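Data first, discussion second: the structure below is written as structure tokens.
Letters A, B, C and D mark the chains in the order given here, with residues in each chain numbered from 1 onward.
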């Protein structure tokens, strides 16, 4: 999640940067100037192309025909992204901080697999981690608004965190018990070869995915399965209700953006006439 | 979505129309007069019949027996709709505007495939685009109320648009990563023949559809699949919560915008005749 | 839905009934007296048993062993229910009104199939219509509260009716179009044998049921399927949001049960100080 | 659900306990002191390990290699849990009350199956009941807050209990009817071998699980199935709406019950220090 953009887009250039660094920083890290926006759009297109290349390379028939071309393209993108990573390190005042940030780690992980593929076979597919870089898309158009939307979702999730933890732990416990019961009822001859497999079946059923690769065949097994389905179908309402209410609370709080003239506290209700923290008339 | 009916049903006839045009306009475009309503109902029945004909024609056994009859019916409907389209063009004051409107485009697309089928084989099935014409059903009974309901949904979707974009982009990114991981874990021998196929599997699983045509067979694969299922099962709550709150906001806003003339309080119910705070007549 | 119990349980006996009719009415139609409650519980148990008998009779292995016994039990229950139906007709003041009510029709449909099975083979299975009689369960314990809960659900559904109609018509139109498109893309050789079958597939996929009996096998087909899944997965939020808000409105309205001392109007907001209809202070 | 922890973590030691009992009680039943917390964490790890042992033991290939070791570990855990159960009984003032409490029963059920397996073959798998002991996890970190969250969910479920009962009874009735109808339409030759099996199919379809082990193959069967799917897909909104509203009511009630000492206004936020209507200090 793009919570921590390295610098606010409207902040002045970080002190301690030389002119060329400040210039570069503006282009690479910000999306307000035409050059910055053009760079971000070009970057996104490049990322998308590099993902398409990896995906196509995994299709046997395409690899046989265009394998060489795709291999070349793959290395081209990796070198481009390596240069970009180096430039990013070069133009921030605190490179270590960027390298440890969410996007810093992702930017590094996006180039490592290709180099790694020279040593370990197959690690190339990990390049799809590049997909995380697509989250930069939020930076291109009205960055701050999208970021605050994401923050609202995160806040509501945090507020309902404890209720949802209680809910998830209970669900996982139930799935374990039901899996073991099905293992006893149906047994290995009907596809429930072990308790882990039966627990896998319980998750498949409870989440209403229902592959059908394993399905109960005895009458008691089908009866228990029916109970699990209705349970799984029903309990989705619990986290939905909890989260909806938190989003509503978040939204209402956001509605009033009035700050107290005396203590500058925010978060007042829409119908509040006095600051609830210091008692000053709003 | 029927957002843009060409003319409000209660508006006077557009100026610049000759009497026969105005008459025709009333019958074809409006649903208030008995003639207008009868025309709309007849049109809906005809559209439904023409869709049934196309569907039946695609069933091999029925085509062999009634093929000729269905072919004739198909052309009959197409000619009827062509005449209707010509009349619509003839009785509006600005034909170009109608032709570019949502229903104008749909009306054209509804007749083109049959003519096209004389040239391109199979394009006939596109006639089902006619189904979009069924949206005219909202015009028959209490048009404006249904339209405003549709508008409320659209407004709430627009208000939650940014939050849902953030949500969808994140989901798609996760689906890409998980697909690549499963391709590495399960490999082509278990049905995950390429990354695009594995991503398709991730979508099938995350949305809890679960066809079962591709299913993980190794223990780590099943473990990751279980995580994906619980993730997919859980995250539906995020857009649900967001949208519910927007619908609530929309609904409350729609309640009333009337302010009390005496105490200026707002938020009165639609059916309120007196201010609920100070008792003044609204 | 048990909206229309023939008589309110607390109402005095309908006029025009002879003493034995009034007595019988109290036992059969009401659940307040010990005799009335005992009758209702006995009736529910009998209904459940008769449904179990029909279900067991359909299992081949059980039918071969206990066929005669089950056939006898079936006729016993039918005769009991026929007597009950006759008594119900005998002890109400307006038999025709009861016969046309929801439960009157269900009570008749519950006995007809057995007699019909003497003429038409297989119609016996329709006896499961008896299951509808189980809705009488709400009468046994705290009738009126459960009825009012059911009414709250019905009211909220009615309030969101138009929005949900707009939603459903749009969904069905989309399903038709997508079905036709998949028929063109995948074709009969991949299981999409006709447009009706393809539309069936579209419904199976959009509702996230996903049997897997028909599944896309070409790349464009799988891509379109992925879009349909995400669409189906997402749009469930629309009616959920709409209905949740209506339930909330219904619930809040129910919160304040204060009646206006002047005009007796109800449905005031919790924070209302004056009647919103006549302006009297509450 | 962990509603009834034997003693509040902050309460003084129950009277009538000898010093060593009080000491033991503090370690075993409470999680505030370092020793108590360490005991709880160790207990959770032991429970998790014992569950992993049972699950691994059910996998044929692992059992063949490590069978003896797992059997030994199983008995080791059982003896440890037996000692723990005995100590718990020894250090509470009212052992019978603990033995009848939720966790008391679970603690006993967690050790019985191993001893039982000496007599009955296969009963060993019931050991997974130990999973319920994992609910003790809520005791480790901020016990009381998690417990109150669980209580909020339970309260909201209780408040919506009647509405959800009405909903579930109606759904089950519909499932019975639809199952019988599908048995008549599709018949044993298409997999609907009996009414119970057809009802199982109806549950699988209505909850959108959709295994695909049984699927309609005739046109009327597929049409009815499509209706069932849209029904099942839609009705999830009913309990979701009901429960969301109850959670909202619960949440608002929890907000604050404090009234302003000056103007008696209520509905203040939990963190409010001044009345938001008149500015008086709360």
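Quick note on the criterion: contacts are C-beta pairs under 8 Å (C-beta built on N, C-alpha and C of every residue); 3 or more make two chains touch, one makes a residue touch a chain.
Here the structure is a predicted model, which means the values were calculated and not measured.
Listed here as common contacts of chain A and chain D: B, C. In terms of C-beta pairs in contact, C-D outnumbers the other of B-D and C-D.
At the interface between chain B and chain C, two copies of one sequence, fewer than half of the residue numbers in use appear on both sides, so the contact is built from largely different positions. Computed centre separation for the pair chain C/chain D is 30 angstrom, with centres defined by C-alpha atoms. Spacing of chain B relative to chain D, judged by their CA centroids, is 41 angstrom. Residues of chain A in contact with two or more other chains: 196, 199, 208-212, 232, 236, 240, 244-245, 248. The touch graph of these protein chains is complete, with an edge between every pair of chains. Considering their complex, residues 162-163, 165-167, 169-170, 173, 176-177, 179-180, 183-184, 188, 193-196, 199, 205, 208-212, 215, 219, 222-223, 225-226, 229-230, 232-234, 236-238, 240-242, 244-245, 248-249, 268-269, 271-281 of chain C touch chain B.
Residue ranges on chain C touching chain A, taken from their complex, read 208-212, 240, 244.
Looking at the complex, you find that chain B touches chain C at residues 1, 51, 54-55, 58-60, 122, 125-129, 131-132, 134-135, 137-138, 145-146, 149-150, 152-153, 156-157, 164, 168, 196-197, 199-200, 203-204, 206-213, 232, 236, 239-240, 243-248, 251, 268-269, 271-281.
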